[in-house]
Amino acid sequence: MIYLTRLEHFNAAHKLYNPVWSKEKNEVVFGACANENWHGHNFELYVTVKGEINKDTGFLMDAKKLSELISENVTEKLDHKNLNLDVDFLKDKMCTTENLSIEIWKQLAGYLPTDVQLHCIKLYETPRIYVEYFGE
Amino acid sequence: MIYLTRLEHFNAAHKLYNPVWSKEKNEVVFGACANENWHGHNFELYVTVKGEINKDTGFLMDAKKLSELISENVTEKLDHKNLNLDVDFLKDKMCTTENLSIEIWKQLAGYLPTDVQLHCIKLYETPRIYVEYFGE
Amino acid sequence: MIYLTRLEHFNAAHKLYNPVWSKEKNEVVFGACANENWHGHNFELYVTVKGEINKDTGFLMDAKKLSELISENVTEKLDHKNLNLDVDFLKDKMCTTENLSIEIWKQLAGYLPTDVQLHCIKLYETPRIYVEYFGE
Amino acid sequence: MIYLTRLEHFNAAHKLYNPVWSKEKNEVVFGACANENWHGHNFELYVTVKGEINKDTGFLMDAKKLSELISENVTEKLDHKNLNLDVDFLKDKMCTTENLSIEIWKQLAGYLPTDVQLHCIKLYETPRIYVEYFGE
Amino acid sequence: MIYLTRLEHFNAAHKLYNPVWSKEKNEVVFGACANENWHGHNFELYVTVKGEINKDTGFLMDAKKLSELISENVTEKLDHKNLNLDVDFLKDKMCTTENLSIEIWKQLAGYLPTDVQLHCIKLYETPRIYVEYFGE
Amino acid sequence: MIYLTRLEHFNAAHKLYNPVWSKEKNEVVFGACANENWHGHNFELYVTVKGEINKDTGFLMDAKKLSELISENVTEKLDHKNLNLDVDFLKDKMCTTENLSIEIWKQLAGYLPTDVQLHCIKLYETPRIYVEYFGE
């Protein structure tokens, strides 16, 4: 079993708020993250896949192909977007890094080669905060 | 002459558009950066000051004091904000990293100790793009 | 299950020596790290917690709250300190990064919200050496 | 159980090609990586070992000793080398980062102190691509 | 005057040798870098341009356009290549990072917009060694 | 004119205090940095030299030779040391990063090859604070 990780980048706007709460309660719970005029981040996305090495290529899978899969299914849909308004697969979700990691997992899991498994989505929201999701 | 640099962080939403242009022209010129629903970044701000070392302290100036000056005059006004909508000193400016660097210079220049000069504002918009401004 | 990590910083002096050994033996075993006049490091501390996402907030826990817990219980007690002399919870411990990681775990484990578990303490002593402890 | 990681560096040339395939097929499968005149990388190698802390030293093992073991058994044999031509333990292997990680594991596993186990080889090929191998 | 920097990446093989010297003298002068079977690096290239801000766009120049110019004129010609064998503009040059920086300057200088000047080529050969060239 | 930079590392203990002041005044001026039991840092030292490229080698100077000069004249004297107590060339100096940068300049300037000039000492005290000195 070998693990391959590819780092990709996207930047986006978002805000944190629960629509069933008042503006005041959202500000108490989410602080500056509830700014109704939005804020944003440079997200750094690490996608880790795992499986057996292919004898013919010496690859688990081609890292360039992995990059293209992430680009098509994830970063093209998120880069330079408003996560709350512009992204189909985040509709009606709280746009926290936790939920974003899980939704990115769901976007990618179905598109990997059959002999390669998704292992981890690791998502940096800032250089000092990141979330990991292992699909369970 | 000695140079002291302090790194600070803020994250914010913005969009690039020229209000005298049509939506179509803005999209041609600014591409994804013109998304009317905004996008955002983790900005990394390097502030460099210069001057003579104080004989009593061995400091050009206290880096903690420099950090507080940047915080009060710059990052508290920009962090978790929408640069186009929420920031007095950016009103009616194109919110490019170029202009943002110059406006940050103006915010800071008047608040340094009298024997310390502002030397450079260096601002990372993404880990791969940054702007520098030396006040001239 | 989701994992959230927060990076914090402290710097401190320490030395490595076993008080039951002679000065010579300490120098043989610990080399330059046994310098009786101390040396020091910028420690980078990654704290990872895990648990279920709260439905109302979309958070595992607020990363800002996690930062405050680490600050109050760990970094305020270690930053700008001598690890051998100034820190109650390191009294009579060998001040290696291994032991420091375990003692940081003990300081934090009791202060997390009841539905959040401590998962990992990862501590960089230099940019090229780090230790991880998972509580077992 | 405690985990200790040491980062080492080497740079090397290599190419990716399967000798049973035609030049054309190699170019289709490996793209620019099949350039017959070679290309190269700065490899960043993280070696993680695990075990119990020694009561007398407070160490899992001396990080300097770990660095020397990696240097003697791995990086001195790889640094400033051609991985396809110059390295005994890579003879007749596809020189992918996946295979390189496994062969580095084999080089190191036999040389650790008896109470320390090898846990992970993590190898960056570029700043955006890395492979991990846990020995199973 | 404002300065804009864009970071790009390429990896390549090379060796250092002076063809008028014997193999022995090359090994004495260049050490491991003279390995006749080549070695290689991940090069990180920072290109800095300078000029006046365009009033209509707020840009010195579009960083995306700068990236494309670097790609077309420099990194596509160097990435996954052998610097000594595969690159027209390095023919008969010693392939040191110093010379490479100067030749990259020459490749780019003629392709910038007329109101933008090339200011600096900064080229990392390893994470611990870099060269800067300012065109004079 | 070409510029070559080499990054080196040392870690050390120090404290900030002016011996002509009372303990109380030192604490007011230097805060936690005045802790009489010391604190410490991982210092990252960038040494930049400049000059003409040697036609025979294509080098300004051999980066390995530069590394050895820094090691012999600077980092071996500072690494794992107490800057206030253990270092001849810092005797009776305030051990600020500003003064340390200037003293490192003095240590190195006399040992460079005759056709190479020292250009800059850049010294990181923490990942967020650094000082530069250009010899004037």
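Letters A, B, C, D, E and F mark the chains as written, and numbering starts fresh at 1 in each.
FYI, a contact is a pair of C-beta atoms (placed from the backbone, for glycine too) under 8 Å apart; a residue touches a chain by one contact, two chains touch by 3 or more.
Small disclaimer: the values here were computed from a predicted structure and weren't measured.
By the document's definition of touch, common neighbours of chain D and chain F comprise C, E. Chains that touch both chain C and chain E are the following: D, F. Centroid distances from chain D, each centroid being the mean of CA atoms, peak for B. When the C-beta pairs in contact are tallied for D-E and for C-D, the bigger tally goes to D-E. Centre-to-centre separation of chain B and chain F, using mean CA positions: 29 Å. Under the contact definition stated at the top, the residues of chain F that touch 2 or more other chains are 127.
You'll find the chains touch as A-B, A-C, A-D, B-E, B-F, C-D, C-F, D-E, E-F. Across the complex, chain C is touched by residues 9, 11-14, 32-33, 35, 37-42, 44, 79-82, 85-86, 126-127 of chain F. Considering their complex, residues 1-8, 48, 53, 56-60, 63-64 of chain F touch chain E.
Within the complex, the chain D residues that touch chain A are 16, 18, 29-31, 93-96, 98-99, 101-102, 125, 127-134, 136.
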